[in-house]
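Here come two complexes built around subunit A, the first alongside subunit B, the second alongside subunit C.
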Partner chain A sequence: MEERIAGGYDPFVLPFMIGIVFILTYLLIALIRIICIMPKSDRKRLGLSLLKPKIIYKNIKDIFGDCLLHLKIFKCNPLLGYMHASIAFGWFMLIVIGHIEVALFTPQRNGIIYYPLFYRYFVAEQTPTPKGSLFFFLMDFFLLIVLSGIGLAMLKRIRSSALGMKRTTKPCVADRIALYCLWAIFPLRLLAEGFTAEISGGGFLTKSTNTLLANFFGNDINVLPMWWAYSIVLGLFFLALPFSRYMHIPTEPLYILLRNAGIKPSHPRKGIAEAEIYSCSSCGICLDACPMNTQKKNIKYSSVYFIRFLRKNNTQKTNEIADKCLMCGKCVAACPVSVDSCALKQSQRSTITNKLPYNYSFLNDVTIHSETHISDINAQSGSDNNNVLYFAGCMTHLTPAIIKSMTSIFETVKEKYVFADKDGGICCGRPLILAGRTDAAKEVIEKNRELVRNSGCKTIVLSCPICMKVFKEEYNLQGVTILHHTQYINNLILQGRLKLNKSEESFVYHDPCELGRGCNIYNEPRNVISAIGELKKADKEKDKSICCGGSLGSLTLDYADRTQITRESLQALTIENPDKIVTACPLCLKTFGDQSDTPVIDIAQAVADNIK
Partner chain B sequence: MTGFGYSLTPSSRINLDDKDKEKWNKLIDLEPDVLKCMACGSCTASCTAGIFTKTSLRSAILYLQNGQEKQAMEYVKSCLLCGKCFMVCPRAINTRHLLLSISKIYTLK
Partner chain C sequence: MKTDLYKNYIKNANTHRMNNNVIIIGGGPSGLEASAQLHKMGYKVFLIEKDSQLGGHLAKWDRLFPDSIEAKSILENILENINGVKYFLNTEVESITLLDKEYNVILSNGTTIPATAILVACGFDLFPAEKKEEYGYGIYDHVITNADLENWFKTGLDDRIVKNPKRIGFVHCVGSRDEKAGNRYCSKVCCATAVKQACEVKEAFPDAEVFCFYMDLRMFGKGYEELYLKAQKDYGVRFIRGRVSEVAENIDKQLVIKAEDTLSGKPVKVTLDLLVLMAGMKNCVSSAKIANLFSLKTDEYGFFTGKDSIYKLQYSNKEGIFHAGACTGPKTLPESLHEARAAALAIDNYIKSLE
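Then we have the complex of A and B:
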């Protein structure tokens, strides 16, 4: 291949150059701003993480898997996944192969930013060579892939259900400009390369486009206008990019680095949060995931709109949505970019509620139920303390059946246990964290940690998933095994300490939000249920399970809306007509119990009823 | 009303006309559920913090209705927001939001 245009320049590259210079300057400033605004400790963390081989490997894997191939969207719907992957990966390959072409055939133009994009205009192949044909083929192949993705994207705008999405987001003005530009870029590239193919040569796609179009429109008069149009559309796309949803393309890699470094947002618009909200691609997958959205009026409270208002600094709206959210985590589990919108909403709540005064001086008087009881047991068991500390939690005290079942299980297996909050303990701190009162939560957590440490127990069994999540994440109890009672019972069965009758009854298991998506416990409860009866399937299971509606996460969702969610969730659970619904959270138990026609029991009750 | 110059207990008379209704109205705007309370006391009976302190949403609401803000705050300042009251309330009052709203309106300037 040889250079056709002397000097390697034509005025049509200018619109593109304006766009690319603008976007690169914008990104550089934005990057510096994010790094500067980040708390010092986070910056140090990020720096250190970039030196660890394990995290570097994860970074590369995630950037490839999430930004280019969009593997997470494939899980949601294969066609939707293909649409995103074809555009992202295809475009990426066009850029990479374009640069390789420049490096191989016209090394004197290396480093000229527009050259690989308009390569076909500047460079022509007079006599066919195998190497040249290979590149023609590759470029045409990836262009075809991108075009197929664009075709699907257009279809999605008209009929989103064809790609497995019931709802899709409403684009704002900048979104629309960028969207139409993006749609136009690749067809225009095909036309430009097609009209030029007679001079420059081309592959299967461009050459046949040329043959087809030249007869109708003629060739020479269309070459330059098409290259101009291609360049203008590219330039416009880059100019609209920072104000549109497509800002996720450059931001996502940065977010992946920050996320893998283990940084958590402390403020809704600082540091990682800033990278996070610009990584949101506004794709709308969270719209279908949100349990509130079974009612049309609640669609405006979806995570995608929360992030959009956060970007616009609309405090009133962000506060309203943040307070409404159930914090069930379904949108986080479904998000292709893994934007932790719940954490963002929590920090948004913090901006208001963390300032509120409180008085927890009473915590000094709190002790574990009958301390003498502990010292008695400790004396019996000597130095190796194998006692189990049972912490029922506030909610479990409202459902005494769980406590009764747990005590009967403890007694059956002759476990030496200390009932930490028999006479009433204090809250675990998670509800305070959910409400954004992190400082108040710290005091409560500190007190509970002290109680656990003083008890000397090496295992703690919890009955409430809300406690479970905060114990695991915030308590920092090294050397103490933290188990939810589903895990504990499962261990007993595996160790052969607990013998159960297998009954004829069929059960369906409801994954509580905080236990499933919160603590990643999905299999243990299912194993336990399989040991006592038949386990039936629910319509939405595991990380897709629907909140029971009783969530403590939401601050302002009213009773009518909650009831609607409960009904929806029950419907999904009972599609196979199970005899009983089993759950592992006292809050779900109580919420379902009030409304369900099918009996609802806790997993501990189901087990206690079937002890041999 | 005329006093007789002596009394056995200090007067608990409240003049509602002297009280500033602005904050109470703001509270109703923020969480209208406050009007649903029928003072049954389920919240107080189940309260986690209530075991150790005099925390009581029921009393707080009554005091606020009487315009006795200072006394009312004594009943909510130790709340742990655990949500038990929300689970037991027969009127389905959004108690956690109500408690946060009370703190917001009556303590922040």
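Then we have the complex of A and C:
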């Protein structure tokens, strides 16, 4: 291949150049800004993480897997995954191969930013060579891949159900401009390269486009206008990019680096949060995930719109949505970019609620219930450290059947345990955290931590997943095993300490949000249920499980809307007509108990009923 | 001449009554009273009761507020007047069809009855107290409901009531005025019932301390306020304004109650030997089925809604179908009886208007 245009320049590259210079400057400033407003500790953390080989490997893997191949979407919806991956990966390959072409055939133009894009205009192959044909083929092949993705994207706009999405987001003005530009870029590239193919040569796609079009439109007159159009559309796309959802393309890799460094948002618009909200691609997968959205009127409270308003600094709307959210984490689990919108909403709540006064000075007088229940008469008094600390939590105190079942299990296996909050305890702090009151939560957490430490117990058994999550994430109890009672019971079964009868009954298991998505505990409860009866499947399981509707995450959702969610969740649970619904959270138990026609019990009750 | 005209008038006035059947659904106080009235007017009345006995909740109650009249004597009064009314026990409505201003009703025992008017008086159910699990009904040994206590007053049989309880507590508003239980409404009768029962329980166990945990005391009727004062002055019942937050059981199977005394602003903890839950009223379990069969309107709680809430409460949204008693919402017994009579009149006027 040889350069055809002397000087390697034509005025049509100008629109593109304006766009690319603008976007690169914008991104550079944005990057510096994000790094600067990040808390110092986070910056240090990011720096250190970039030196650790394990994290570097994960970064590369995630950037490839998430940004280019969209493996997460592939897993749940292959067609939608293909749509995203074909555009992202196809475009990426066009850029890479374009640069290789420049480096191989016109090394004197290395580093000229527009050159690889408009390569076919500047460079021509007079006599076919195998190397040239290979590149023609590769470029055409990836262009075709991208075009197929664009085709699907257009179809999705018209009929989202065709790609397995019930709903799709409403684009704003900048989104529309960028969207139409994106749609136009690749067909225009095909036309431009097609018209030029007679002069420059081409592959299977461009060459055949050329033969087809030449008959209708002629060639020469269309060459330049098409390149101009291609360049203008590219330039426009880059100009609209920062104000549109496509900002996620350049931001996502940065977010992956920050996320993998283990940084958590402390403010809804600072540091990682800034990267996070610009990584949202507005794809709308969270619309279908949100349990509130069974009612159309609640769609406006979806995470995607929360992030959009956050970008626009619309405090009134962001506060409204942040307070409404159930914090069930379903959208976070479904998000292809892993945007933790619950954490963002939590920090949004903090901007208001952390200013509220509180006074927990009375906590100093609280002591732990010290009476040890020695079920095993032969237990040595010296082995105090092996005691189990049972922390029921305040919600469990409202469902005494769970406590009764747990004490009966402890007695059956002759466990030596201390019932920490038998006589009432201190709140675990999770409700405060969910409400954004992180400072107030620190005080109760500190006090509880001290009580746990002083008890000398090496294992804590919790009955409430809400407590479980905060104990695991915030308590910092090294050397203490934190178990939810599902895990504890499962261990007892595995160790052979607890013998159970397998009944004829069938059960379906409801994954509580805080235990499943919150603590990643999915298999233990299922093992336990399989030991006492038949485990039936629910329509939505594990990380897709629907919130019971009782979540204390939401600060403003009214009772009627919650009831609707409860019904929806119960319907999903009972598709196989189980005899009983089993859950592992006192809050789910209470919420379902009020609405369900099928009996609802806690896993501890189910186990206690079937002890041999 | 004059007497002839009069006789003629009487004859005309009564024929419409003799030729028309009326079906009454529900054999509680209002269903019974309405049957008695309509029967007296000369209608052929068919009473349908899903239970195995007549009288509804009244038959299970011991004494009635505010004057502690025996429920049995009231029920006997009502039952005296229904001689001649055809009634079916253990029976429910299976289907209904409208044939030219006349309903054709098929019962679960296979009987088919044509009727010009139908009175729905299916009453209420007690709120299932086990749904408020934090109070421990069905979980702890010494937690009972208001209905259980009445049954004990009547029969003296209940293992959950210990021989000599030292402390007894009443929890008001169990399943009423409670959004989380799905019922935002007030059940109206539980306050007076609780005060009455507190006095009675004090009579049964003079040495026991009796506590009532309430949100508001709604002593709205004649003699109710006096009853409340009497409970405090003569019986020494202690009223604590505050909801019970949770109930636990200690090793001796006593109940440890935690509540807040909102008047003094302090948390309260009491150990009790017996806890009585004042279960409120909810819609009757068969009301949904009836509403469905007859296409009747209900409110968000499942109670039937009359044409309006003041003037046409007895009229349903369907021509020829009427309501009486607690099937339209919580009612006291006198109210239910008055409504039954009002409904009987409304039915008579309706059938007259058809002639």
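What we mean here is this: the second predicted complex is superposed on the first by the 598 of 612 C-alpha atoms of A that agree within 3 Å, B and C clash if a C-alpha of one lies under 4 Å from a C-alpha of the other, contacts with A are read in each partner's own complex, and residues count from 1 in each chain.
Simple rule for what comes next: contacts are C-beta pairs under 8 Å (C-beta built on N, C-alpha and C of every residue); 3 or more make two chains touch, one makes a residue touch a chain.
Small disclaimer: the values here were computed from a predicted structure and weren't measured.
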Fit or clash between subunit C and subunit B when superposed on subunit A: clash
Partner contacting more residues of subunit A (subunit B vs subunit C): B
Touched partner set for A:Tyr559, first subunit B, second subunit C, both or neither: both
First (subunit B), second (subunit C), both or neither touched by A:Pro400: second
First, second, both or neither for A:Asn359, with subunit B first and subunit C second: first
Partner chain in contact with A:Gly593 - subunit B first, subunit C second, else both or neither: second
Which superposed partner A:Cys427 touches (first subunit B, second subunit C, both, neither): first
Candidates 99-107, 225-233 or 243-251 of subunit C: the single one with C-alpha clashes against subunit B: 243-251
Interface residues of subunit A shared between complexes with subunit B and subunit C: 397-398, 424, 559, 590
Sites on subunit B touched by subunit A in the complex: 46, 48-49, 51-53, 77-84, 86-88, 92, 94, 96-97, 100, 103-104, 107-108
Contact footprint of subunit B on subunit A as seen in their complex: 323, 352-353, 355-360, 362, 365-366, 394-395, 397-398, 423-427, 431-432, 435, 437, 444, 550, 552, 555-559, 587, 590
Interface residues, subunit C side, partner subunit A - complex: 131, 133-134, 136, 139-140, 179-182, 246-249, 258
In the complex, subunit A residues that touch subunit C: 397-401, 403-404, 422, 424, 559, 563, 589-590, 593-595
